[in-house]
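As structure tokens, the structure follows; a few thoughts come after it.
The chains carry the letters A, B, C and D, assigned in the order they are written, with residues numbered from 1 in each.
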Amino acid sequence: MSWNTFGRVLRFTTWGESHGPAIGAVVDGCPPGLELAESDIQPFLDARKPGQSRYTTQRREADEVRVLSGTFEGRTTGTPIALQIENTDQRSKDYSQIANTYRPGHADYAYDAKYGLRDYRGGGRSSARETAMRVAAGAVARLVIPEVEILAYVAEIGGDAIDPAAFDAEEIARNPFWCPDAEAAKRWEASVDAARKAGSSLGAVVECVATGVPAGWGAPIYAKLDADLAAAMMGINAVKGVEIGDGFAAARLSGEDNADPMRPAQDGSGPRFEANHAGGIAGGISTGQPVTLRVAFKPTSSILTPVESVNRQGEAVEVSTKGRHDPCVGIRGVPVVEAMMALVLADHRLLHRAQCGA
Amino acid sequence: MSWNTFGRVLRFTTWGESHGPAIGAVVDGCPPGLELAESDIQPFLDARKPGQSRYTTQRREADEVRVLSGTFEGRTTGTPIALQIENTDQRSKDYSQIANTYRPGHADYAYDAKYGLRDYRGGGRSSARETAMRVAAGAVARLVIPEVEILAYVAEIGGDAIDPAAFDAEEIARNPFWCPDAEAAKRWEASVDAARKAGSSLGAVVECVATGVPAGWGAPIYAKLDADLAAAMMGINAVKGVEIGDGFAAARLSGEDNADPMRPAQDGSGPRFEANHAGGIAGGISTGQPVTLRVAFKPTSSILTPVESVNRQGEAVEVSTKGRHDPCVGIRGVPVVEAMMALVLADHRLLHRAQCGA
Amino acid sequence: MSWNTFGRVLRFTTWGESHGPAIGAVVDGCPPGLELAESDIQPFLDARKPGQSRYTTQRREADEVRVLSGTFEGRTTGTPIALQIENTDQRSKDYSQIANTYRPGHADYAYDAKYGLRDYRGGGRSSARETAMRVAAGAVARLVIPEVEILAYVAEIGGDAIDPAAFDAEEIARNPFWCPDAEAAKRWEASVDAARKAGSSLGAVVECVATGVPAGWGAPIYAKLDADLAAAMMGINAVKGVEIGDGFAAARLSGEDNADPMRPAQDGSGPRFEANHAGGIAGGISTGQPVTLRVAFKPTSSILTPVESVNRQGEAVEVSTKGRHDPCVGIRGVPVVEAMMALVLADHRLLHRAQCGA
Amino acid sequence: MSWNTFGRVLRFTTWGESHGPAIGAVVDGCPPGLELAESDIQPFLDARKPGQSRYTTQRREADEVRVLSGTFEGRTTGTPIALQIENTDQRSKDYSQIANTYRPGHADYAYDAKYGLRDYRGGGRSSARETAMRVAAGAVARLVIPEVEILAYVAEIGGDAIDPAAFDAEEIARNPFWCPDAEAAKRWEASVDAARKAGSSLGAVVECVATGVPAGWGAPIYAKLDADLAAAMMGINAVKGVEIGDGFAAARLSGEDNADPMRPAQDGSGPRFEANHAGGIAGGISTGQPVTLRVAFKPTSSILTPVESVNRQGEAVEVSTKGRHDPCVGIRGVPVVEAMMALVLADHRLLHRAQCGA
């Protein structure tokens, strides 16, 4: 219930602009006694860090996180955990053009319309740089749900999808695209590179699977697990669509094909589902199956190809963005999607415990 | 921030089960002085009401809304508005089978796993009957944003989509499918009827457009207008996917094709957009273009065709749902989608005024 | 975080005006499986009910509560619990004078200033009738904390205080003042009667003690148990002051006199406190001692004695309230104070479980 | 609705421990376009800063605030404002005794009971050092309500009260006690010094008056202006009581003596009140009169005089606190009370605008 805070019981608040002195997050409501050091967070930030291949922006940020509060002798104390990253690569460039121009696809005009002014340096608050703090907060959230394993990957770039039959989880970390299909990764090398060279950009679809979520997390009616996940994902920069389980494909199935039949579990521990069209959620509550979702990222809006626009004076201009930008912003969205999944699940894990005691 | 409450400043709370004595909603935070009578709400409920064609459930509910508080001499007073509908058609049937059986695709198992018990009569709280109160609350929300016009319709049933070229807004209310394409509506008559007779069901895609939303509503970073809309829509019963603007199709466009070029407005009132791939939202804030979204409804889970399941004792059973059910639940989702759109926009209209004073 | 909703995890929303058709509450977030029937709530409403002695208002309301949702086969289901009371004694009187006049001490002018209109019948939403729903919701909250016993009583009327040495808990229910000191109760018979006959009114101080609260409930920094209790109590109609433990008297003690020394508990179960100046709360968190507080009720604002005022046209008038009113509104505040104590403690019990798992 | 966040629309979140590297606050929801520099905040922090006289703790902190986000070219942008202060005077002392001992009157035992561990260095999160960030956030809140003037002062120390007839607002800043009565200030020099030398401490009562608050701020029923103020004040470290207007004294008045008569304003601008027993609030909504309240601070718990206690092993110990402590913690509470008043009023100013548009 707020502008820059997310969550209900486990909440985090982020602050900071792309070109300010620092960005930060405050994670509140975290259970006490969890082991937490900066080294638990840094690997997730490193995974998101720009400048690691020619397929992502060449901006270079150390992205070294500091934990400024909320831990004592290596463990969380139950008080707010302040995380902070200094901005180190703020090129002192001339922002006069962007200051006066509305870049198509960006929040420039919308911010001006809302606030009457904006910090235009690098997009200010609307920069995807903010997502670094989601990743950091997500690393804390993971500690709250050690029983859950979260895996995200890119399933499609520019309309070119992976072959599900070729899915290999080990492959994901081996290529610069978080791609579980080695063949697709090779194709994407060519297509992303081509887009970059052409001054264009590509969209992507990211999939995320959380295994180990027990049945019973989530809450009707307006804190449904899928509704909270939808908000979490749709709020990531450049995201335009979210599907739970089969998503839009479910709208094309018959009722009997979409049903997830249940059979007795061999160990007597409740039903064993024979399909997972539902993506592990029914009535807003987890069923014990893997929670699965898909997220659509639009192509990066910052492109070299000129696009028609207007300036603050309402005059016609052409915008061509020459900075250091991701040719496919969805790639670096993978750790962010994982982080938001972790944050929603951890929040619901605590919510469930509040009401139901388990 | 709660289980059965939605919204930030304009909030509503719903209560009630499918087969309890009544269902209700409390709308809080509504501006004072708005003209409000039951007749402002009833038409929207009538639009959602079951039993109006053979393409929807034959359950018959009068769905007559009463306003129990919050108005005086025909106007809102600024205090909470209690809305209530008595449940009249609660057939006294034998629920012993459903009481003991988990219906696939329903929330039965998830509720039991969470709460250890459930009101199984007609789905209890998880019944789509709850959405009647969203529609009622949405009618109040509309009064808060008289400048906005909201139109939803069914764009696809069972994979058979409308022809955008044949779009006719006047057609929507003329057929039982809220279909803007007369030809498609005819085809759906056949397909929905066939599904019903076969004891099967079909999914649907609903589109919604809100025109008249000024630039500046919404809020970064965790109250983005699109994120709130995603939560609102994904939380509707049977919804599995949400797209803003081009949604997943945007992930297949190049950056230059996805850009929404701006040109000077002829009246000098800010930019005129030459496309709307973004669906009227940038950086989580409205741009002044129509706000557009698409929602995927899965096929009705209650079908006559038997599906494998288990009972509470963990034994294998077959479930065949014989009750009165919608062969395509997405059809009756149309007024619900409109209501949630109205509620999110009205909430953000007040939020914007809180921070920015306009 | 809302106008008519109270609580963080266990929340309740109330609605209704003094002279509308009904008043109600929706209790959300209640744990499932608790035995709950209307008979668990009714005794608390009966305790608050007007018209039971000549020391309280002669308005007669049956105040029969109905549970409209959230239970099944006698137990809570974890879904929202709707409570409702019909207003039966709405005398059809002439409200033209009050409609146009601002009664001193009442919310009349403030509501008009805020909303531009108000439901003036019996005070509308600002009537203490709303507190009936707090009492009803509080009865539900008590079920969440069965280990806690809550006792409130009147400690002072019109400046005439009980003798702590004469405290007898059994006496409280034996007199119409909820007075634990039989001698004081006798004196109050005379003083309250005199005030009533004189067309005047008296203030009161209510004390409340909750025993059985374990150490560890509450939360720094802005959800402190004492801060939440302060809000809960100050929000009751006619309340002007709240003290935790020694309250203002603590400001007159030396540090050593105000300290609550600790000694080893004989059973090794943590410290045994040798005093309770703190009222059972330190740093916003319960210490395991009884939680104690005091609440100041101003004298009833509705009095027969004329008071100078103005009308909506800004003209000078005299106001003399002739209706049926409590000569000492603090008396009927006792069950309301108990209810708010229960609601705050139950909420924090669940909050504590969310974060700390116990 | 959270642990370390305060407010509904204008919200702030604080973090940090007494002896961590820094403390901070994030202020969210602030209107855009307000002029804000560090120099707008620093004077308020300087007023609260320790070590300025021998009547407050000798801990020396520069308390230099940095604004790390949310402003651009000297004005607020509407995005979160991060405020930060480095802790500079963290004496590396031996904390082994306090680590193992529960100091009476402190949160030591309560934190351990809740969390199972605590940062014992200087009280960690429960240290009054946290209030520095309230003061910083309050300075931002003041910018939101430029029409309001807030004045707090000490009205009583150790039971020795000021003479209202001797009230001189100009005197407040002239003595180290924020005392508006020069004679009282002189007496307090002696009494506070005596307490300090005796290893004891004194309590205090702080009064606060906000003038310029228009009629109409606040909200029934659970966001009443007085209830929010009560929570804000009771949540300040060492506060045990809050009174609005006449507070407990009102409970000793007759109805006619407690009434605030109204007469026509000479300029026709609504009623002119002839008294202010109500403290400027009726029905939870401001009346246009000055908002007045009183806050009771207990004597500092950290005293040299030994007090009986137990250690973590449950053994009997004596605690004598030798550190640098305020002999009367209420004195330094004055800027904190002002800050919380500003924060509550600013929040309600925006809330009122959200619902009522003004």
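Basically, a residue touches a chain if its C-beta (ideal position, glycine included) is under 8 Å from a C-beta of that chain, and two chains touch if they have at least 3 such contacts.
Computed from a predicted model, the values in this text were never measured in an experiment.
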item: Option reproducing the contacts of A-B, where over half of them reappear, out of C-D, B-D or A-C; value: C-D
item: Inter-centroid spacing, chain C versus chain A (mean Cα positions, whole Å); value: 46
item: Chain centre separation (chain A, chain D; CA means) in Å; value: 39
item: Cα-centroid distance, chain C relative to chain D, in whole angstrom; value: 26
item: Interface hub residues of chain B, defined as touching at least two other chains; value: 1-5, 14, 29, 32, 78-79, 114-116, 125, 220, 355-356
item: Chain contact topology (line, ring, star, complete or other); value: complete
item: Contacting residues of chain D [partner chain B, same complex]; value: 1, 9, 29-32, 78-79, 220, 350-351, 353-357
item: Residue ranges of chain B touching chain A (in the complex, touch as defined); value: 1-6, 8, 14, 102, 104-107, 109-111, 113-116, 125-126, 130, 156, 158-159, 195, 200-205, 214-224, 226-235, 240-248, 250-256, 258-265, 268, 270-271, 274, 277-279, 281-288, 296-303, 305, 307-310, 314-316, 330, 352, 355-356
item: Interfacial residue positions of chain B with respect to chain C in the complex; value: 1-5, 11, 13-17, 20-24, 26, 28-29, 32-33, 66, 68-70, 72-73, 75, 77-82, 114-119, 124-125
